[in-house]
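What follows is chain A paired twice: with chain B in the first complex and chain C in the second.
The block that comes next holds the complex of A and B.
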């Protein structure tokens, strides 16, 4: 493993400064936020480090329209935030639980977990399930992308040269929305073999909206849309009856690979089990089981 | 040992002298050290698991600014050497050739080919990239059974890959099996496991003013200075090895790690040189626990009496022989476990492959054997329809029985007691916590020797000195791997001389400054250096008591030492400080360097394996309760209880620490750890892929200490460092098998293997 000794290190004070450096150096630059991915991966092509850790992007704020989470909020900030205790936002806090040791979580940021674009990342499924959007700042100003569309492949996102993820915006959820996050790793602190977030919005006893988002089972986090459609418009009792089929359908929508962590077949089985358990959990909480 | 009747320090729960220093980050490990003008060494490693080296061109690397030297095998005075392991006696048939740098061909992926020393790590790294090596790839062999085939590629050209084999022949197995009512045959395996110590291999070497070489390196064996001198072609007296506190060893720092490279680079450049291996290097290229393939055949009577065991053991030695024959002998002697079996036939082989050399790893092959024989015990019990605990109890060794190698056990085997204590703690098997859950309970008993094989004629020396103010200095060449090797010696001296621990200082691990105390391996330091230190302290004690008896005019036997005083029965006393001053004035020796010799013996008969191999054993039992999620295959270890007869616990807290550490390590062995070599290349390159149990995964562990006070160590202690691991993996594996009603014979038992087993069952 070669040493990681980039040529230059910049600690930026403003977002503008970060953007101009990122634009100037392009692929030769890497953003350092918590460093828990970058300093482990030590990518050899990186010559410039743009340290954004001092930017004022560490916040979690709840407003009338939703929750804004600064890209520099650490996983432990999220885990402990009073703004993320209420349903369905609690699922965001829950997603941090099995992501490594407390020491790692004091450094690791939500922005880093997203921008690293690992298919197995634990934060994206819950955020996608809540229709979160990524707020991006770049040389041409600001833009917004649904987090669902943010990832384009393993370690690849829609961020263009010079762009920075500044904030995650989670829109205010409709009444009666609940969500759950489940994960399976080899040990409690392992990278996910499979993770899943499921969210249901129920109105008048009928499922108005459903999201099933799975991680580590495809090149990016994916929505199991066919499975979601099976839920929408259904009554709670009916959902309880078709849960197993929905979970099977969700597993069919995955495209897992075999690697050192798990064989593809195992990933698909666990995707089904976790989806079923997530639905069961929501049914119990909605009182429909 | 009956001189001291009531212990004041021995057996007490006392914090170690270096606990605060370690907890606050003050301890200077191998990498926490630098010298002015220090340069950095890097290793060029083979890019193929098996290839002929056609050409090495170092010219471009040599021309790079900041490079001090580039070395290949041609620059090593004695490149091909016979590897020895801190032993003072050469034993034929056990030692193989080891090459410092690859010569002619590379035998494993990552084998060191060349060395660079440069001004900075970056320059050294660049220079490594500039070395051109032309290879001609050769067919590799990665399975020891395939490597045994005479037609398989040869690791050492023209020689068999089978580098050692052992036999045990006790009684008549044919007759035994003829008498058996039930015969059970099975195959088992154990996988490649990494030591995963916190501190990767590291050190600094420099040339002294007189031209001799000093190496400050993380090692379990400072006595490798002899081999280093041999590689350099200089007298042993001109090489000094110092080990600071070691950030974990577990056997991985028993053979040479970076010492040769450090010594060569310092020697050639005249500059201090540092090498710190990366985690990737440590995981991918350093020695691993030997994987084994086992075949077991057990014959039993209907009442559960074992009448015969036949076993075949094959271990993967990797590309160099190093310690593999020793490890294999341990497995062979341990092959039938702590059971009384009249008819035994064991055949064992260790075979070269194109994997990195396998090496020492806590239990040294006894643990792998335990994984096999304890699964087999459960399988036999199941076939008999007998409770596995009752079946074991029927066959446990006891004092006076003979082991498979014909050795008659002279002291307590407390397995009935350890098993009962474990069962009592575990209680009844609990109900599953939910509908898709299964609960299982498993038991395993194990044994491990302490002290080295007796044909090595092992010795240890230690020196104790009473200072003129009544404090004490111990000088002993122990390597402290973190298990309290130093602290135990301090406790022994504190007991013998009545000096409080805070007034005792120990200087350890330096071949030029401390008496040679042998390796910190084989669970031998408390036994060997503990006894040597005890002898030295007792001599000093005798000298000061003699002086005090003159002063008080009473017999020595009338005097007691406690609380830094020598006291008479009628209330008179003299402080240690005053007695030291009095002794010094009269020329009475206030120091002693003592040597302890283990029992000496010879290599067992090669055709029958009959003959004593070890000084003694420690025995014990582990029980585990697991819960399995039948839908995800997840195994949760709910409870572990381990009980061992440790003879005498010098410090119960340290014994518990060892038992807990053994349990955590054993859980990883059973459930998660796997280096996963594919065609000789490790798939696990970091702790994100190589998964060890963390604090969250380790359950409540009940450590149970049994003391029968008849070990060979000081105050009747037995060694505990290795045995505490041995029965843990099979206990967990047996618990999983109990839960599933089916045995998974591949390790580790991952979620996918559990789901597969459940599918096959239904």
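The block that comes next holds the complex of A and C.
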């Protein structure tokens, strides 16, 4: 069996240096951030390691337009960040709670969780629910992609040769926006069998915007758009009445597979239950239940 | 050929207050180098995949699983292993508390458990039982059932304040 035996290790001091190495080595290179995915997977095809862990991308900053989270912010930094206490950004911190262990979260990064592109990853759903955007740097400069469009399949993202994820930008949410993240795994530390983030923006008692984002039930995290549409324009009372149907619709929009962690039917029914619980949680917090 | 043509990297690891200059291969983990190059066998190998905490060391004061840290990447970092916490032959209060509470059976989890506890007590000298349990969430013990470990850490907190 081929082993993980990279020929060379590079620690970069600038993003530019990282980009030029990544461009030069293409698929033979692997970015190392925290390493908690890379050094478990130990992919044998990797010949060059580009260690980005010392780049100045470990920050969480709140400004007038939104929150910027550097790709190297660790999961424990995110969990403890004062910038992520306020609604609805608290859902980002909440998403880290049941991820891995306190030891791995001291160096596992948000960028690694996203770029690893596991369908079950715990950070993407809440970020997608908040319309977050991935800020990418590559050989041809910077570009932005909605995180919703960042994933193209299991372990596959839109990142091209030479590109890296530099930052996640979470736009300032409209007033009266709340979000919730729920995860079902075998144990809380285990990879999700299903995870879900739901976000509602309410104005004058009416739902102005809804996001239902489900993970581990399709090749990428997905938005349950038909279920979202059932919520938009409805009053809180009405939402409480149709919650069960909305959750069923969301589950219908999933395309789960069966694997070692859970059979497809189980994932679909858990998707329904978690969506329902998430809506219930939001209704209580909005005072509409 | 596997392993051939790998370029060695020269790194300086500050371990328990002393600088070691070592040549490492790109895939060597910090765990491997501490045990096999530096002979610090208090650091244990359990799972190699970040799940058991037997390999816990402190890196710049924070507990991390050294099986998932590349040695090359730890260049210049301050590392503390279980060998480095006694003070001139006198056990650290957490070590004493573990012995007194009977929190050690086979001892395999103990180095990692104690280092995690040390980081916790430095950040939070007055933890609740719940906070102790949460802090050691990533350190598995197959022997004790955790009750005595939690007790030892709470006792150590008292000793360290005294």
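The criterion applied here is as follows: the second predicted complex is superposed on the first by the 286 of 289 C-alpha atoms of A that agree within 3 Å, B and C clash if a C-alpha of one lies under 4 Å from a C-alpha of the other, contacts with A are read in each partner's own complex, and residues count from 1 in each chain.
The working rule: a contact is a pair of C-beta atoms (placed from the backbone, for glycine too) under 8 Å apart; a residue touches a chain by one contact, two chains touch by 3 or more.
Quantities reported herein were computed from a predicted structural model and do not represent experimental measurements.
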item: Combined model on chain A: chain C and chain B, fit or clash; value: clash
item: First, second, both or neither for A:266, with chain B first and chain C second; value: first
item: Which of chain B and chain C A:11 touches, first, second, both or neither; value: second
item: Touched partner set for A:235, first chain B, second chain C, both or neither; value: neither
item: First (chain B), second (chain C), both or neither touched by A:3; value: both
item: Partner chain in contact with A:106 - chain B first, chain C second, else both or neither; value: second
item: Touched partner set for A:51, first chain B, second chain C, both or neither; value: second
item: Contacts of A:36 with chain B and chain C, given as first, second, both or neither; value: second
item: Overlapping contact positions on chain A, where the chain C interface meets the chain B interface; value: 2-3, 5, 40, 101, 189
item: Complex interface listing, chain C residues touching chain A; value: 2-3, 5-7, 9, 25-27, 29, 49-51, 53, 56, 59, 62-65, 67-70, 72-73, 75, 116, 134-135, 137-139
item: List of chain A residues in touch with chain B within their complex; value: 1-3, 5, 40, 101, 184, 186-191, 193, 260-263, 265-266, 269-270, 273-274, 277
item: Chain B to chain A touching residues, read off their complex; value: 121-122, 125, 278-281, 631-634, 672, 676, 683-686, 688-689, 691-694, 696-697, 750-752, 755
item: In the complex, chain A residues that touch chain C; value: 2-9, 11, 32, 34-36, 39-40, 42, 49, 51, 53, 100-104, 106-107, 189
